[in-house]
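In the two assemblies presented below, chain A is common to both, partnered first by chain B and then by chain C.
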Partner chain A sequence: MNLITDLQNSAPEAALAIIGLAAVLIGAIVGEGSRLLIRTIAVAALAGAAVLAAQQYGSGRLEAFGALYVATPFVAFAKIGLYALAAISLLVSGKSLKEAAVDRYEYPLLILFAALGGGVMLSANSLMTLYLGVETLSLPSYVLAAFRRDHVRSAEAGLKYFVLGALASGLLLYGCSLVYGFTGSASYDVIAEADLSIGLTFGMVLIIIGLAFKASAAPLHVWTPDVYAGAPTPVVTFFATAPKLAAVAVFANVMFSAFNGHETDWSPIIAIIAALSMIIGSLGALTQSSLKRLLAYSSIANVGFALIGLAAGVEVGASAILVYMAIYVVGTLGLFVGLLTIRKDGEPLDTIDDLNGLAKAKPLVAFGMTVLIFSVAGIPPAAGFWGKLAVFQAGLEADLLWLVLVGVVASVISLGYYLRVVWAMMVKPSDSTLDRSDWVEVAAVVGASVAVFPVLTITIQSLLDAAASATLG
Partner chain B sequence: MISQEAIALIIVFAPAIAAAIAGLGQRVLGDRGAMAVTTAVVVTAALLAAYQFLAHVFGDHEGGAHGHTVVIANWLSVGNFIADWAVRIDTLSVVMMFVVTSVSALVHIYSISYMEHDPHRARFFAYLSLFTFAMLMLVTADNFIQMFFGWEGVGLASYLLIGFWYKKPSANSAAIKAFVVNRVGDFGFALGIMAIVLVVQAPAEMLDGAGAVSAAYLQQLGVAEFSSLRFETAFAVIEQNALVQPVGFSGALPIQDVALDFLGLHVDALELIGVLLFIGAMGKSAQFILHTWLPDAMEGPTPVSALIHAATMVTAGVFLVCRASYLYEHTVFAANMITIIGAITCFFAATVGLAQNDIKRVVAYSTCSQLGYMFFAAGIGAYQAAMFHLFTHAFFKALLFLSAGAVIHGLHDEQDMRKMGGLRRKMPIAWAMMLIGTLALTGVGIPAVEGLHIGFAGFFSKDAIIESAYASPDQFGPMAFWLGVGAALLTSFYSWRLMIMTFHGPTRAKQEYYDHAHDAPWIMTIPLALLAVGAVFAGGVFYDAFVEHYQAEFWGDAIYTASENHVLHDRHYVPTWVLIAPAAAWITGLVLAIIFYGLLPRIPPAIGESGGPLHSFLSRKWYFDEIYNFVFVRGAALLGDLFWKVGDKTLIDGGGPNAAAAISKATGSGVSRLHTGYLFHYALVILLTVVAFGAVVIWSMVS
Partner chain C sequence: MPLIAFYILGAIVALSAVLVVAARNPVHSVLWLICAFFTSAGLLVLIGAEFLAMLLVVVYVGAVAVLFLFVVMMLDVDFVELKQGFQNYVVSGAAIALILFAEIGVIAASIGPGSNATMDPSPGADTNAEAIGAVLYTDYLLLFQLAGLILLIAMIGAIVLTLRGRPRAKRQNIAEQTGRKRKDAVELRDVRPGEGV
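Take a look at the complex of A and B:
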């Protein structure tokens, strides 16, 4: 293997890294004047990476750098989503960044490098590559959370995220070293062949905890509400979509490839995590008045639903995870952009009451958000329903009836807060006047809502097929 | 020349299309557009129906003698449970189509002026057309299910129209009352249909291997397809006393011998079906016990009262009984029940009519009473006479209602007859029309003279019924006869009372109302005039066809009379005093009315004020509403309260959804409280998780 082949096989990440570094140089030389240029470069690079990932999706298993890096259709599927979502969340946040006075040239670069980290950890085939990717994703994320650094809550969010993230990284690294110690290798392929031992098992548990933290699954979700509430909304839009998708996919990838032989050992733990996430997410959201906190809890619950697919095991669960997450992040992206559009005197608004009368003030946004909420809540015929159906089916096939029942109950409870939001938008009268919305944002909300219904509903079979073929490789 | 079938289809479906256009497109069309569309369409339908009817009466009777069916679409087809959307064309349906569309068309025209100032005219006309369509579906059904569809459709339209002025609480409660009371009857009807399906099943030995009915059995019945829901099949089975094997029976036996267990009783299946269907008819036709909704239904606009609650919908029960003549000819108990209920209603409603002061309520009770005549005629087997009275009654009762509407319209919406009087000078046309209607209703004519057939419409039809009742060999025939004659006297009394109180004597109206009282505009007068023509001539002209010489050819197989049933023939041989009795009755009634209301007008109010028991008994309508209120309404309310407050709110909601919601909310706030915001708490949670999960794995490895 020579370098050229390696770079070809890892084309999306290689391209992102090179362009990202070049953009850093441009920014350093030109300064703030290059904001728009760098943002354009970053969006283009991310979009290009998504296209390259799509090519990987069609090429089966690709190895690079001595099998430290592997691209399978499964990870390629996740990467398409990751890069596309990163690009879109960058694209739509221009106006909000300006309003929040954080429109600096570092912002697109941080997003770009975070996405690169996501891609690396997805393609990891060794615990070291995994850790490298996780950290590459995490470090820009901490900075992004604190990006509005003169703002107390943003700074607090960044600090909390950093401290807890460091703790979780430590646990992950500790787990990696235990596994390495007991199997003699960091390579997934070797670990998968290793005999079960107490050291390996305990290391696996620590890795699970580290990854669950990244995916913000309960009870490792503790950072999520505070960070979502404190970080600037454009940043949360990114957090809640691209890295979320990547984290869940990595979680699945590690369990399915490195620890596939020990499924009976990790499956119950994942099931517990899934159940706790669904319950805590649904119940926690019930009493929130802040929309961002509400969506934070909602995302915890939704990760729980996706993890049903993980607990169900590779044969039946893998494609369900991909389908569920793909549909979920599209809906979430739309919802957060919806939040971005609601501003008064340049300040983003956040409580549920701020949405009162939105149907009158911004009918298009309100209608789009209603469709998105229905999808995220899993109400047919919106696409979210099919995602939920897929994971529930996977759970049933794996004889996890109790987990599916918890999921059904959590779904019912979750309607309590989802419909409260719809009620506020559609029924309650408004008493304030809102700023004009940016057309890009409105287009994104409407586009996302059209995507979850009817587009994805109609094409759900092709999505299911694509996810199924992605997991066969 | 378009075919007979095409004409029938246009008649039935044109009103549906008009209703849809006016109802859905009222914003586009506007009030005038909606009125124009519906009126034009229904008038067209009426003209076609008139052509169809007259061709049938005066042309050859072949078309009606052998009724045929135009199938439009299959509706249900599950084994032998087959029902189509169909238009059945036979004498019964042709007569009904004519009655329904002609009265409906006149009411449409009348309403253009009557509803002139109503802001929701478009809705009103859409409902009227919807009603017309549903009624036509009912009368042209070839099976019980489509009939039930029409039955419920007219119920719906009636509900919507009674409650048309929905801002009036009394109109709303009247609409609900009509709907609920009808539900009782409809439940009986539905049970009757179910009983038919239960009983009319081909015997096992007549089924081939695949469960299909054998050709031999079909041939025996003379039908192309076996469907217990179709009139054709069910009536053929009953007429031939064919072998059937009801659901749950192990062997086949003739249908007239089938007995069922119902409510713990072992009853003859045909009697049971007959009684259940008649309960349906009682509800729709406001017969004794289920009559209470009809007077209240007068809360609706007067044209509605004329169309639905006098001329057409309320006669649906009579139509049902006549349609099911094949059944009732083979029942004793059910037929007797019809006779008894009909006779009682006819007399009872007439007594109540004596003491009502609301002009529309008097006419409403009169309707109720006349429906009683029709029922007991059907009960004793004179279905033709029942249909004949239905036919003539439609004209003169619609005339009476619309005339009453003209009076109300011209007198500032006053309905209380005690505040009328002396209006003849102000409203000569309304007076003339009301007079014609009254003469027709009371049955004025020259009886007992051979070859001299002169009289108003009601004379021919009512006297035919009364004579038949006398001639009937039935056990309850004499009772029906005497109650019928008595009711004729009462009818005459309250009708002339209405005439005198409204149009004669000194006025009791407010002076300014009286001064402004005026006759209705010409557009309301035209329908009145046309109906008056019907009220005068409908009896004499169609007498021969409906109940005399040509009746057998005219009705064909639409109405079945058993071979031992000669009642229509036997009525020619009744003593002369029987022929004179109805005339004596109406003359007596007229004289009494003139004495009490014309000559001694101070006596009736004095009786009313003295509050004697008989007067209050009558004016309170035999206390039916009070009794029903006490037993059913309050009972149901108490029961409902129990289920609602204790059962639902406390037990089900309290233990189920509300408790779950409260628990969720409490846990939710607990979960958020756990979220302290302190970093070290979070770190602790993470580390505790590590310990817990580690313990789980190690424990599972050890065990």
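Take a look at the complex of A and C:
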């Protein structure tokens, strides 16, 4: 047991925690004047953590704190995305926070601690670390959802998220205690060796329920549209990207590491969750007029697609999940930043009609968002197509033909609402004037759209290779 | 001797628990609750779990019960009105209590007298505080620190959501107060009779 080695092996999280605590002190001493400084520190710390996670990716399986913490290439891959997305969503949120008059120094701190919690739960190798990581991610999320506290819908979103999230945490914890009781250990390594007893089955199902809530998979998705619609858009930009990626990757990591021996028992459950998510997400989005609700349903459907990879099992599914989520979150990030740019007199706009004539008013943003929508919808040649192809292939290899068929049908249905958005931006005439957008936001939209097409389309093979070498061992 | 102490303490716990429910004055209820907590801590000491006993006193007596007292004293709850529906619930309440007692009886009967296995309350150390401390800061350092971090986040969150700067609140400014001159505050006017200021 050596503390220095432990800290070295858990470098991304250790660095984030230390810098985060220092930033809390700076904020408490200096006060509101330190906003810009703390934002800069947080962005730099998150970017640094992404670099450290990339180093973890290259160095195989790292253990720390008596194997309570384990970094495999699989989780390191997810962590790179998690930290990079958190940094970017923090970077682009500056202007819209200021205009909503909620630009406070706690905002970057809460994002930083949420990302830290995501990293901890990814690297968990014990149910205790998993639970503490989930809570470290969830608590700042509840506060962030209610961050615009004088706005009634933001407060409602925060309260709803808190109450439902606490329920899900309770189920997760109950599952953990049952698994611990019937296997005698909270460590993934020991649980993986245990025989399936009735108690372990119950615990496993409860853990699946808890994690499905965090990943907003149906039938535990009901909180998502309300929270996305009520929370401030910069916060939703964060929710829909970094924690989403982390939650799906953690879901996969727990099932693949702790319960891998019982794949035939949990795979049908995951398949049903995936199918329900795809159907409910695609059908639910069709009738929405609010863009944030539409994107919330779209994210439910996309989690369903990613879960096809989970249902397919570790050999074929693990890399497919990573590829799918990596491409999907880049697209979502761009779309939400695109939403941030649509403001009128400082108030964010939120309906599809507000996008009318965007191609004339903001051609760069409109064109970028169109490319991003094609990617999220999975239309070739955008990169999203390759992500969907990867999970469908994984599903076919695991003989889940019915699930892949449901996925194809859901994709076709989802075109209905994606094209409605494109139609509004490109064809419909404008009837209002929008505020000027910040250059950082425009750059992020354009950057994300260039990333999904052509950059990721061309380099898709190296992304597939990187995900394929991201083993859980 | 420990057996006598156990029966005395157990009787006091049971008696104060009954008085928590029976006391007319809610403040007395809370005081009886504190008495029950203290005596339960004594029971924990008897089985060798002195660390848990300390925690019970610090957390439940020091924080939770005092919080209850605050709530009871500050909220204007009309307890007479609350107790009015009592007769309606007597039957169902008694039924639930009976079921719970029956369950305790079933468990007690199924355990039987033979299975009082001995256990070591402080493995590998002299006291349980030492035994817990030895693993808390070594084997479980990560979890302990994470739990602390979660508490810090909760604190930041509570401040973010509730603290409001009050720009209109009037505060005493001593420098301004003592620096006030006669000419800032007093004005002399020559008022003629019958005209007013």
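Rule of thumb we're sticking to: the second predicted complex is superposed on the first by the 471 of 473 C-alpha atoms of A that agree within 3 Å, B and C clash if a C-alpha of one lies under 4 Å from a C-alpha of the other, contacts with A are read in each partner's own complex, and residues count from 1 in each chain.
One rule holds in what follows: contacts are C-beta pairs under 8 Å (C-beta built on N, C-alpha and C of every residue); 3 or more make two chains touch, one makes a residue touch a chain.
The structure displayed is predicted, hence computed values, not measured ones.
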{"item": "Clash or fit (per the criteria above) of chain B with chain C on chain A", "value": "fit"}
{"item": "Touching partner for A:Lys160 - first (chain B), second (chain C), both, neither", "value": "first"}
{"item": "Which superposed partner A:Leu68 touches (first chain B, second chain C, both, neither)", "value": "second"}
{"item": "Which superposed partner A:Phe202 touches (first chain B, second chain C, both, neither)", "value": "first"}
{"item": "Which superposed partner A:Ile269 touches (first chain B, second chain C, both, neither)", "value": "first"}
{"item": "Degrees between the directions from chain A toward chain B and toward chain C, using C-alpha centres, nearest 10", "value": "160"}
{"item": "First (chain B), second (chain C), both or neither touched by A:Leu283", "value": "first"}
{"item": "Which of chain B and chain C A:Ala168 touches, first, second, both or neither", "value": "first"}
{"item": "Which superposed partner A:Thr136 touches (first chain B, second chain C, both, neither)", "value": "second"}
{"item": "Chain B and chain C, minimum CA distance [Å, superposed model]", "value": "21"}
{"item": "Residues of chain C defined as touching chain A within the complex", "value": "138-143, 145-147, 149-150, 152-154, 156-157, 159-161"}
{"item": "Contact footprint of chain C on chain A as seen in their complex", "value": "1, 3, 6, 10, 17, 21, 24, 64-66, 68-69, 104, 106, 109-110, 113, 116, 120, 128-129, 132-133, 135-136, 139-140, 142-143, 146-147, 149, 158"}
{"item": "Chain B-touching residues of chain A, taken from the complex the two chains share", "value": "159-160, 163-164, 167-168, 171, 198, 201-202, 204-206, 208-209, 213, 219-220, 222-223, 225-226, 265, 268-269, 272, 280, 282-288, 413, 416"}
{"item": "Complex contact set, residues of chain B against chain A", "value": "661, 664-665, 667-672, 675, 677, 679, 681-683, 685-686, 688-690, 693-694, 696-698, 700-701"}
